[in-house]
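Next up, some structures in structure tokens.
Consider the two complexes below, in which subunit A is the common component and subunit B and subunit C are the respective partners.
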Partner chain A sequence: MKQTLRNPAVYALFIIPTLALYCLFFIYPMVTSSYYAFTDWNGLEDYKFIGLKNFVDVFSDPDFRSAIINNLFFILFAVFIQVPMIIIMAILIGGVKRLQGFYKTTVFVPSILSTAVIGILWGFIYHPEIGPLNGFLALFGIDKIYWLADEKWAMPAVLFVNAWQWMGFYIVLVLAAILALPKEMNEAAEIDGASGFQRAIHITVPLIKPIISVVMMLSIAGAMRVVDIVLVMTKGGPVGSTEVMASYLVNRAMGVNPSYGLGTAISLIIFAFALILTALYQMTFGKSEKGDVS
Partner chain B sequence: MKKVFSLVLMLTLAATTVLAGCGSGNNKPSNSNNPGNTAAPAATKAPATEEPEKIEPFTVSLRHIQIGESTKFRKAILDDVVKKTQEEVPGLTFELDGLEDSVNRFTKLPAEMAAGNPPIIFDLFGGTGDALKYAAADRLLDLTPIIEELGLSDKFLNLEQFTLDGKVYGLPIGGNTEGFYYNEVLFEKYGLKEPTTWEELELAAETLKSNGITPFGMGSKGAWIPLMLVNTMIGRYAGPEAIPGFLAGTQTWNAPEIVNVFAKYEEWVKKGYFTKGELGYEYADMMNEFVTGKAGMIFDGSWRSSIFKDPEQAGDLTGKVGFFTMPAVPGGKGDQTFVNGNYSNGYGFSALANENELVAIKAFIKNLYNDEMQLRGLLEDGVLPSIKLSDEAIAKVDDKIVKKVMNILAASGGAFSHYDSAVPSEVYTESELQIQKLIAGKATPQEVADTLQKIQEAASKK
Partner chain C sequence: MRTLKRILPHAVLLTYVAIILFPFVFVLFSSLKESNLEIATHPFSPPKVLHFQNYVEAWVKAKINVYFFNSLYLATSSAIVGVLLSAATAFALTRMKFIKMSKVLYQFVLIGMLIPGNVLFIAQYMLVMNMGILNTHWALFLPYTAGALPLSVLLIAAFMKSIPNELEEAAIMDGLSSMGLFVKIVLPITIPALVTVFIVNFLGSWNEYLLANFFISKDALRTLPTGMVGFRDTFRTNYKLICTGIVFSVTPVLLLYAFLQEKIIEGVTAGSVKG
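Up next, the complex of A and B:
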């Protein structure tokens, strides 16, 4: 047996099937379909090679440029609002003594709901006429707000729901890291007279930096390819105000006038953006945080 | 030697694992003898062994758009046709797949057409953006020999939107016109009468508005809904010839008469004649708003008339809804007595149908497109027949909206179709974007018109 393990062919035997499947289902389709990004393929008629036209068309469309900006909103919202909220919530839940399981389950529930359900649920909450949100605001004399139909409000409304859907999942991740920390340090700090806030800032957060880094990266990658919640709630509207790159792809490249060549080009662009952003993050913040821990 | 042996052993193990994985996948369906299943796997095995004639059971996929309350009458007709056809064709089981109209038309069917795997029978719209495009790509079954054999060739009132190079690729289930539905109770309350002129229409809108009622209920989240109104306004402002003229090049989008259409639309938006926050509402919301009396009028197709005779859907408004066609526009071009008329929604069939499936298709056509079913469609569902019916059959109509619609059509000078069936689909798609921009105040009528003209020219060059 020892000899068998020394034989490189055995290792190859174990690795090759996985690699083959990975190539067959991920690498091969990706590479072959990339070709279509340079054609005018619409699925019905013969297609021809058109070079970079799809990419030029997309980037010269102001609607696509505003979609990229909307994607950036998702990222900024995730990094500067969502992640801090996640950490605060996780520390708070980590600190409670009673009913911790109940809180954990409660925050996690939204992420097991399907996006379609969430879209309908919040569509009702945001409903201008009969929605509870406007009903509540009316108590303070605030006029009806057309949450999903007003260009000003649609984006914040969708951002909020997206955050609501996914925060619970990340909170549970961070919470697991917090609960795994040795209690002694916090107790020692408490004896030394550190307040809860000081302990959170100076002990808990530095210790859970690696998991925060992961959450941060997942949030960025998620924000780059967000689409389902947008399609379910606003279809990218009103008038493109919530359009993100992926919903632009669905709205323009599919449907009654399909242009799968254009669609492939857009998906390559999304892929490139996500790759660059996560790589940038890894090389800057991600790296230094890893250094801290070791 | 030992090395080789262990290698072989490993290989065999790996191979058996892989094969076992494949094997169980294949066996499972036949083991689970579940009668409640969709009949596909069960039906292929069970009866074949017992029956001496050896009837091969087969399934035929059928995509329809009759889902939900508002299409229940139409669904009942389809169910009967399916049942009858299954009885007639030995071994046939239909596999019904119900989908929301716009999801089928704008999302699923185009993707299936591209992939080359549409259902055998499917709901299909006529015109350049749908049936004719698919027909040109050889995706649709040529129905010419079938309708000839069934003696239906001359019976259809209008197959224009399904005909390419003299061959028929789809059959419309009925005809419709688009016009204004109005709430008779509200009209009476505010002393309004059914508008017959443009001034009366705008007066009605103004009166409703000043009384806190939305004049025109609208759900513009799906842009095709406001475009129905735009379409008929094009027919009025630029004349019936304008609609085919876009493709023929005799009508430009940025001509003053078309700009006027968008200008009028913008004027109505600015005056608050449409539902506030319309860009956030869907088709169903628009009907809700109308039925609950929050809107005095809606512009919609005659296919929705059956809602207003069903107390379950129309509530207090049952039987209290009137219908009128868009009045003549002062200074409008062309014959102002023309109305919008479409024979555009029906069924298409896959070009990939095999021999068995062809038999099923033929029986399905025979059972759906006949006097009896067409009359049922007219009486129960309020859908105008697509094949000629006898006068005495038509005299049975007692629904007031359907009667009105038939009178409107009879009195009209002719019909113009919806432009979505007469322009390339990229133009139509762009018009969806542009109308929403217009509604949101992000584009002026002139900008909308210029953009559409640009896309139309680019499309014609292809």
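Up next, the complex of A and C:
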């Protein structure tokens, strides 16, 4: 009887197409990336092996260094502004009885939409002449602001849209953890006279630390590879003020003079940064938080 | 004091919901307005007269219809193929008796989840160029399908592991081959997981921008996200048409969400946490 599930032909038939596609589009590009990163390939002519030159070039370019700083802004904004707000919103939604489903469904909506379309949509809202944001601010006598064309404002404007798109997704993640908590502890604390705020700080937050840790890591990873929203809204400008590593990669490697060797080197750098940051996080905060729970 | 306590959370949450919803309402209103002037002078009020002809104009003149159907059939076909391939693989890995081999292969496929998409972007570009499929829909169909495989295999395998052995033993007693077992017994039971995976893959391809932007340069082959960006760059000043375009591109996703929100939330969040 067991012979039926030991048919090697069927096994091969079920496995090989998947493996072939996976190897061709994941493993093979990963291998070629690690190789081309050390060459001066531009896709057309012959290429030669140039050692670490691509990496040295990239790191000595002040534009790339400022792109790293901008990625850091995305991370800091996520960790110190988005995550606390995500926790607060999730606790609030978890605490209400009426409209809970409505809140959950609504806040999630932006995260299933195309980042490109969201970029276009917000570009319109930020429009200096016709956009509703300046129209609204004008009611308070505030002068026209060139949100996406002003070096001072472009980065905050993009950060806001990025948060607008992704916060709801994380709120729903945290909310699921909150709703799974046993009710007794909160009820006991309420009878003992603890306020909603005290219960949130002393009971709910400590109990949901594991999911907060996950949200932190996902936000950091997301901030490292953010690119669509920047390309669509500002293309990295004005004057590089919103350039991040991945948009620098696109602008340098896929521009008028393509340099794929350099481009693959930059992708490896982004990959390495992401790995290092997650590892660091795991070793420091991730670890202590897991310890608390157990 | 008590009522204040009860109202305060709702006040905060409704403000947040308003910030989420405002752009959609604004775009919907603007898409039906007569001109830029009406948008600029009355940004917050509904259109005076409903200009439905904007939709006709955008659909045909701006080729939204082309982008829309490109996106629709690319996202649908790659999601279906991805689901079928992953289901077959998950079946072989979890139910067939090549246990050692399956363990190794499973780990190998999961490595893919560690590699963020845009790291491979340039190497994939070179790959599709060498394959001679740059500027065809194959250049998107293949990476989209392949990109979804690791997570799809993971989710479907987790589901198939939980199917009781008795069921398949009974089916084999009845004389089903392993192929028959897969098609007639296991696939139908796995449908909830297949639907989840289908949705996640569909949304991923429907929304994808980076590959679509660089792997396709022929206008007639563009998908909605890149088509819309091109559209915005051409019609820079015709805001009502841009808004109509946005409405066309978000409505299918919102409709899908209206009917399947629990499934979608479950799928999208499961994907991230395990990744």
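By definition in this document, the second predicted complex is superposed on the first by the 266 of 294 C-alpha atoms of A that agree within 3 Å, B and C clash if a C-alpha of one lies under 4 Å from a C-alpha of the other, contacts with A are read in each partner's own complex, and residues count from 1 in each chain.
Everything that follows uses one rule, which is that contacts are C-beta pairs under 8 Å (C-beta built on N, C-alpha and C of every residue); 3 or more make two chains touch, one makes a residue touch a chain.
Quick caveat, the model's predicted, so the values are computed rather than measured.
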**Request:** Tell me which partner A:Gly43 touches in the superposition: subunit B (first), subunit C (second), both or neither.
**Result:** both
**Asked** After superposition on the shared chain, which partner residues are touched by A:Thr264: those of subunit B (first), subunit C (second), both, or neither?
**Response** second
**Request:** With the two complexes superposed on chain A, say which partner A:Thr4 touches: subunit B (first), subunit C (second), both, or neither.
**Result:** both
**Asked** Of the two partner chains, subunit B (first) and subunit C (second), which one does A:Val58 touch, if any: first, second, both, or neither?
**Response** neither
**Request:** Look at A:Phe124 in the shared chain and tell me whether it touches subunit B only, subunit C only, both, or neither; answer first, second, both or neither.
**Result:** second
**Message:** I'd like to know which partner A:Leu173 touches here: subunit B for first, subunit C for second, both or neither.
**Reply:** second
**Request:** Could you look at A:Glu151 and tell me whether it touches subunit B, subunit C, both or neither (first, second, both, neither)?
**Result:** first
**Prompt:** Of subunit B and subunit C, which one contacts the greater number of residues in subunit A?
**Reply:** C
**Message:** Quick one: is A:Phe108 in contact with subunit B, with subunit C, with both, or with neither? Answer first, second, both or neither.
**Reply:** second
**Message:** Quick check on the superposed pair: does A:Pro29 touch subunit B, subunit C, both, or neither? Answer first, second, both or neither.
**Reply:** second
**Prompt:** In the superposed view, which residues of subunit A touch subunit B and also subunit C?
**Reply:** 1, 4, 7, 10, 13, 17, 43, 254, 260
**Complete:** The answer for subunit A against subunit B in the complex is residues 1, 3-4, 7, 9-10, 13, 17, 42-45, 63, 128, 146-151, 154, 234-235, 237-240, 252, 254-258, 260
**Item:** subunit B to subunit A touching residues, read off their complex
**Value:** 2-3, 6-7, 10-11, 14, 18, 105-107, 110-111, 113-115, 129-130, 133-134, 136-137, 139, 221, 276-281, 425-426, 428-429, 433, 436-437, 439-440, 442
**Residues of subunit C touching subunit A in the complex** = 5, 9-10, 12-13, 16-17, 19-21, 23, 26-27, 30, 36, 39-40, 43-44, 85-86, 88-89, 91-93, 95-98, 105, 109, 111-112, 115-127, 129, 142-143, 145-147, 149-150, 153, 168-169, 172-173, 176-179, 181-182, 203, 206-210, 213-214, 224-226, 228-229, 232, 239, 242-243, 245-246, 249-250, 253-254, 257, 261, 264-265, 268-269, 272-273
**Item:** In the complex, subunit A residues that touch subunit C
**Value:** 1-2, 4-8, 10-11, 13-15, 17-19, 21-22, 24-26, 28-30, 32-33, 36, 43, 89, 92-93, 95-96, 98-99, 102-117, 119-125, 127, 129-132, 135-136, 164, 168-169, 172-173, 176, 196, 214, 218, 221, 224-225, 227-228, 231-232, 246, 249-250, 253-254, 260, 263-264, 267-268, 270-271, 274
